[in-house]
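Structure first, then comments.
Chain naming follows the written order as A, B, C and D, and within any one chain the residues start at number 1.
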Amino acid sequence: MNSLQLLPQSASTFASEYDPFFWCLVVVCGAVTLGIAVFVVYAVIRYRRRREDELPEQIEGNYKIEATWTVIPLIIFLGMFGWGAKTYFDVEAPPADSMKIYVVAKQWMWKLQHIDGQREINTLHVPVGRPVQLIMISQDVIHSFFVPAFRIKQDVLPGRYTTIWFKATQPGQYHLFCAEYCGTKHSGMIGWVYAMEPHEYERWLTEGAAEGSLASTGEKLFHQFGCANCHHFDGHGPCPDLRGLYGRPVVLQNGTTRVADDTYIRECILKKKPAPVAGFADFMPSFDGHLTEDQILALTTYIKSIGPQPGTGQPSSSGTAPKNYGTQRGIAGPGATSNAGTESDSR
Amino acid sequence: MSSPEVLALREQYGTADQQREISTIGMWIFLATEVMFFGGLFAGFAIYRMYYTQGFMEGSAEMEIVLGSVNTAVLITSSLTMALSVYKTSIGKQFHTYLLLLATAVLGLVFLGIKFTEYYLHYQHHKVPGIWFESTSPHSGAIELFFVYYFCMTGLHALHMIIGISVVVVFAIRTALGRFNALYHTPILILGLYWHFVDIVWVFLFGIFYISGLHR
Amino acid sequence: MPEVTVSPRIYYLTYAALLCLTLGTVLIGYLDLGWFSMFVAVAIAAIKATLIAAFFMHALYEKVMIRLLIAGALLWFMILVTLTMSDYITRSWLPLPGK
Amino acid sequence: MIAHLAAPETADYLTEERGIRSWLLTTDHKRIGLLYTFSVTFFFAVGALFAALMRLELLTPASDLVDPETYNKLFSMHGIMMVWFFLIPSIPNTLGNFLIPMMIGAKDVAFPKLNLASWYVFMIGGCVALYSMMRGGVDTGWTFYTPFSTIYSTTYVVGAAAGVFISGFSSIMTGLNFIATIHGLRAPGMTWFRLPLFIWSHYATSVILVLATPILAITLLMIAVERIFQVGIFSPELGGDPVLFQHMFWFYSHPAVYIMVLPGMAVISELVAAFSRRAVFGYVFVAFASIAIAVIGFLVWGHHMFVAGQSVYSAMAFSVLSYLVAVPSAIKVFNWSATLYKGSVSWDTPMLYAIGFIGLFTVGGMTGLFLAALGIDVHVTDTYFVIAHFHYIMVGGTVMAFLGGVHYWWPKISGKLYPEGLARLSALIVFLGFNLTFFPQFVLGYLGMPRRYAAYPPEWQALNVLSTAGASILGIGYLLPLCYLIWSWRCGPPAPPNPWRATGLEWQTPSPPPKHNFEVTPVVRRKAYDYEGMKEELRLV
C-alpha cells in the first residue's frame, strides 16, 4: 500500500455531492487567505520603516470600507451556510426505500445485522447502488460510525437509536472507523465496508445466511424469554396483542399516546415498569440486563414482521388514537423520538 | 486620621465612596457567576422536568411541604434581619447591627437544622440516590433523577448557607469590636447582598421542588 | 455616588409581601393545574426574587451598571436554557430515530 | 498622552522588596503577573512533553512506542494541561495582569488580595491535576464525555476534574477583578473610547470568564457526583442524557476558545499599532468586534455536536450563528492588515510574531468556516482536520501572540533588552515549524484520520512523519526564547522607559515600573495610539 495518500477515496452519492462543496470552500477560502497574505507581505515590505524617527501619515479608519468588509463576508458566509444545510439534510434523511441494517457498537467492536439474518463483526457488506440506512445503538459508551470514503459520520449513543444512510457507488473495500473516543482500544475499533455489485451481494447473502433471518431469530427469542406466554396473537391474552403494533399509535393508561416505533418497543422491553397500555395491567417485567442490544433489535424486527390483526386492521389491544392528546406529543425521554408512520417496511 | 474608613482605604482607590462602589460592583459580578453556577443545575432540571413530567411530579409529592414552608419563612425572616442590620450600621447604631447579625446567624442555623431534618426523613423513606433509594412507582427512574437534582441543588444551597453563616458570625464579632461605623461598613453591605442572593436561590428551589407537585 | 439607604418601613412591607406570597404559593400548589402548576410556582418565585433584589438588595436604587449586570446574568441563563431546549424540543420533528 | 514623564532613581517593583516571602505574599499585580508567567510556562512545558511523546508515537502506523492506554492518557493530559493550565490563563493572567492597571493609569487592580488568591487557587488546581496525572493519569480526553468518564473509565477522572474545577475559580476571580478594575479605576480623562484595544479585548474576555466558567464548574461537579455515587445524571441507565452533558460542556468550552484567542487579539492590536506607528484602522469597529465575539460566542456551542445526536433544526440554528461569529473575527483581520498600509512598518521580533499571527489565525478562521458548514462538518469533525483547525487558532494564534507580547513588553517587565537577531531567528523557526506540524494534519483530516487514534492505516504515514518533523522544529523554536530571555533577565543591557516609541501609558513610566506604577496619577488628554499628538514627546518627524 502506498504510504502517501493525498486525496480520499470517493465512493458514495454523498461523497460526490460533498467534494465539489469542499473544494469550492477550499478555493474561496484559499483565495481570500492568499489575498490577505499577499497584501500583508506587500505592505510590510513596501512600507517598511526607513528611519528610526519616522512618523507615517495617520489614518483613523473609514466606515465605508469597514462596512463593506463586514457585509460582504456576511453574505458569503450565509451562502456557505445554505449550501451546508442542504447537504446536511441530504445526508441526514434517508430515502424511504432504504435497505435497513442494524448496528450495535460496543467497546471495541462493531456488530452489524442484516434483516435477512447475516451477522458481521467489524465488516459490512453492502450492495452498490442501493440506499442503505443504518439504525445504530451502543451498548456502553458513545461511539461514532465513520466511513471516510462515503463522507458519513454519526455518533452512536447508548440508550437511544440514531441513524445515518449512504448509497455506495463504487465497488471496493473502504475503511470503517470509530470516530468518537471510546476508551483504551478506540483506535482498534475499526473495520471494513465492502461495497459489492448487486449480484455479488446476492451471492454473499445466500452463502452466509446460516442462522435464518433476523426476524426468525427474534421469534426464537420471543418464545425463549416467555414473551409468547402473555402476548397471545388472538386478542384474548392478558397482555396486548402485538399484531400490527409497529408504527401505530398506542394509548397508554395515563391518557397519553405513543407511536410504537423502535424506541418505544425497546423501552417497553427494558423499563422496570413501562407505562401500561390502556386496558391492561402492568405485568410486564423488565428484561434489562437479560437481553443484549442485538437481541432487542431482533425482537423488534420480529414484532415488525408480525402481520396485522385480521379484520379492520385496527389492533384492538392497543386502542385507536386518531389524535394526539394534550402536551405529551412525542415526548418520551431525552433520547426517544417518534417515528410517526414513515416506516415503509412495516408490512 | 485613624478612623476605620481611612485605615481601610486601599491605595488604588481615590475615595471611600469609590471603594464602596467598586466593592459593590465586584459583589454583583460574583453574584452573576453564581446565577450561572446554579443556572446550570436549573437548566438541567428544566429539561428533565419537561421529559419526565409525571415522575418529577411524583418526586415532588415526596417533599415535606410543612417543613419546607416553615423553612422558607425562616429564611425570609433572616433576610429581613440582614437588611435591617445593613440599615442600622449605616445610621451608626452598631449595637443593633450586632444583635441583628446574630439573629441572622441563628435563623440561618435554624434553616439548616430543618433542612437536615428533611434530609434525614428522606433517608428514612429511602429516597437518597446512590446511598439508599427504593421506589415502587413505575417512574422510579425519573423519581431518582428528581432526587439527584434535589440533593445536588439544596446541598449546594446549604453549602452557601454554611459559608454565609460563618461570615455573618465573623462580621458580628467585628461589629462588636467597633470595626465598622456609619461611614465605613462596606463589608456588611456586601455580605447582605450575598445573603439575599442565597435567599433568592432558595425561593426558586422551594418553587420547583416543593410546590409544583403539591396537588398530588 | 453616596450610599443608598432605604427606610426600614419598606423592609417591613417587603417582608410582609414575601410571607404572603409564600403562603399563597403553597395554597395555589394544592390546586391541580396540570403543567401550569410549574409555571405558577416559578412565576411566584420570580416575583419574590424581584422583591428581594429590588428592596433588600437595593437594586431598584442602584446605578445602571448594576442593573445591566443583573439583566446580563439573566439573559445568559436564558441563552443556556433556550438554546439547549431548542435541541430537545425539535428532536422529534424529523421522523427519524435520533434526529 | 500624559503630562508627567519622570524617571527618578527609586526602587522598582522588582527591587523594592526582596526575598521569597515578599513574592509569595505580594499583592502587586506586576509581581502576580510574573508568578503566573512562571506557572504557565511550567505547565506549558509539561503539556508540550505529552505532545512530543504523542508525535513520536505517531511516527509509525502501529502503536509501538507506547501502548494505546498510555497514548490515550497522553492526549488527555496534553489537552487538560494546555487548555486549562496554559491557554486560558496564558495571556490574561500574565500580560493582562501586568498591563491592565498600567494601561488605564491605575495603581493596582481593584481587588489585589483576590488577585493573589487567584494565583494560589490556580496553583492548587494545577497541583491537584498534576498529582492525579502522576498517580496514573486520566484517559477521558479533555472533554470528559459521559458516560465514558463517569462509568467506564478506570482512571483518575475525579482527580483531574477536581484540578480543573479548582482552577476555574481562579479564572472567575481574575475576570471579576478585571471588570471591576476597568470600570472603576481608570485614570482621570481615560474615557471608554480612549482605552487601548488591549483593554477592550480583555474586558470581553473577562465577561466570558465570569459567565461561562461557572457552567464548567457545575458540569464537572455533576460528573463527580455521577461517578462517585453512580447515580444517573448524564448516563442513560437512569434516563439521563449524555447529550445534555455535551450541551453544558460546550456552553463553557466554546466561549472558552474565545477566552483563549481574544487576549491574543488584544496583544496583536497593540503590536500592529506600535510597529506600524499609527492607530489601529477603525478603532471602534475593532473594539466592538471584541464585544460581539464575546456575546455571539455564547450562542454557537452546538456546532461541536452536529453528528452527536442533536436535532437537525437545532444544528441549523447553531450553524448560522457560527457564521455570524466569524464576521467580527474577519473584521479584525482586515483592520489589522489595513493598519499596515502606508504605515511605518518595523521588522522587530514582536511584529514578526504579529504578522505570523495574522496569517495563521486567518488559516485557522477559514478552516473554521468549513467546520461551521453542516454538511462539511459531518465528514471532517472528530478528525485531524479539527485538530489542525484549533491548533492554528490556539498555537498559531494564542501562543504566537503570547510570544509576541512577551517580547514587546519584555523591556518593561524585566528592564532589560533581549537579543534581537536570535529572537527574529526563533520567530521564523516557530512559524515554519508550526506550519510543517499542523498543515499536513488538514490533509490527514480530509483523508479521514480520526483524532485520538494511537494507530492508523499505513497509507497516512508520510504525512504523520512530516507533522512529527515539524513538531521537533517547533520545539526548538520554543526552547530558544526560553534560553535567551533567561539570559537577558540576568545579563541583558538595560532598557529605556520607551524603547519602541509607543504611545501606551505603560511606556510613560520607568522600566521596570515602580511599585505603584506611576509616581503621580496620570491625567489622560488623548485617545489611544495618538502618534500625531505625541510626536514631540516621542521625537518623531
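Please note the rule applied: contacts are C-beta pairs under 8 Å (C-beta built on N, C-alpha and C of every residue); 3 or more make two chains touch, one makes a residue touch a chain.
Predicted model, so just to flag it, every value in this text is computed and none were measured.
> What is the chain whose Cα centroid lies farthest from the Cα centroid of chain B?
A
> Check A-D against B-D and say which one is joined by more contacting C-beta pairs.
When B-D is set beside A-D, the one with more contacts is A-D.
> Counting in whole Å, what is the centre-to-centre distance of chain A and chain C, each centre being its mean C-alpha position?
39
> Report the inter-centroid distance (CA atoms only) between chain B and chain D in whole Å.
35
> Between chain B and chain C, tell me the centre distance in angstrom, where each centre is the average of that chain's C-alpha atoms.
Spacing between the chain centres: roughly 15 Å.
> Where in chain A do residues touch at least two different other chains?
Those would be 92, 157, 160, 162, 331, 333-335.
> By the touch rule stated above, which residues of chain C touch at least two different other chains?
If we look for residues of chain C contacting two or more partner chains, we find 35, 65, 72-73, 76, 80, 84, 88, 91, 94, 98-99.
> Among the residues of chain B, which are close enough to touch at least two other chains?
21, 25, 29, 32, 36, 39-40, 43, 47-48, 50-53, 141
> Touching chain B in the complex: which residues of chain C?
Within the complex, chain C contacts chain B at residues 1-3, 5-8, 11-12, 14-15, 18-19, 22-23, 25-26, 28-33, 35, 37-38, 40-42, 44-46, 48-49, 52-53, 55-57, 62, 65-66, 69-70, 72-74, 76-77, 80-81, 84-85, 88.
> What residues of chain B sit close enough to touch chain C in their complex?
Going by the criterion above, the answer is residues 17, 20-21, 24-25, 28-29, 31-32, 35-36, 39-40, 42-43, 46-47, 49-51, 53, 65, 69, 72-73, 76-77, 79-80, 82-84, 87, 90-91, 189, 192-193, 196-197, 199-200, 203-204, 206-208, 210-215.
> What residues of chain D sit close enough to touch chain A in their complex?
Residues 63, 68-69, 71-72, 139-141, 143, 145, 147-148, 151-153, 235-237, 239-244, 276-279, 281-285, 306-309, 312, 315-316, 319-320, 323-324, 326-327, 330-331, 333-335, 337-338, 340-347, 355, 358-359, 362-363, 366-367, 369-370, 372-379, 381-383, 443, 446-448, 450-463, 501, 531-532, 535, 539-541 of chain D touch chain A in their complex.
> Flag every residue of chain B that touches chain D in the complex, lowest number first.
Going through chain B, the ones touching chain D are 10-13, 18, 21-22, 25-26, 29-30, 32-34, 36-41, 43-44, 47-48, 51-52, 129-131, 141-142, 144-145, 148, 152.
> Which of the residues in chain D come into contact with chain C in the complex?
Listed in rising order, the residues of chain D that touch chain C are 183, 207, 211, 215, 243-244, 247-248, 251, 298-299, 301-302, 309-314, 317-318.
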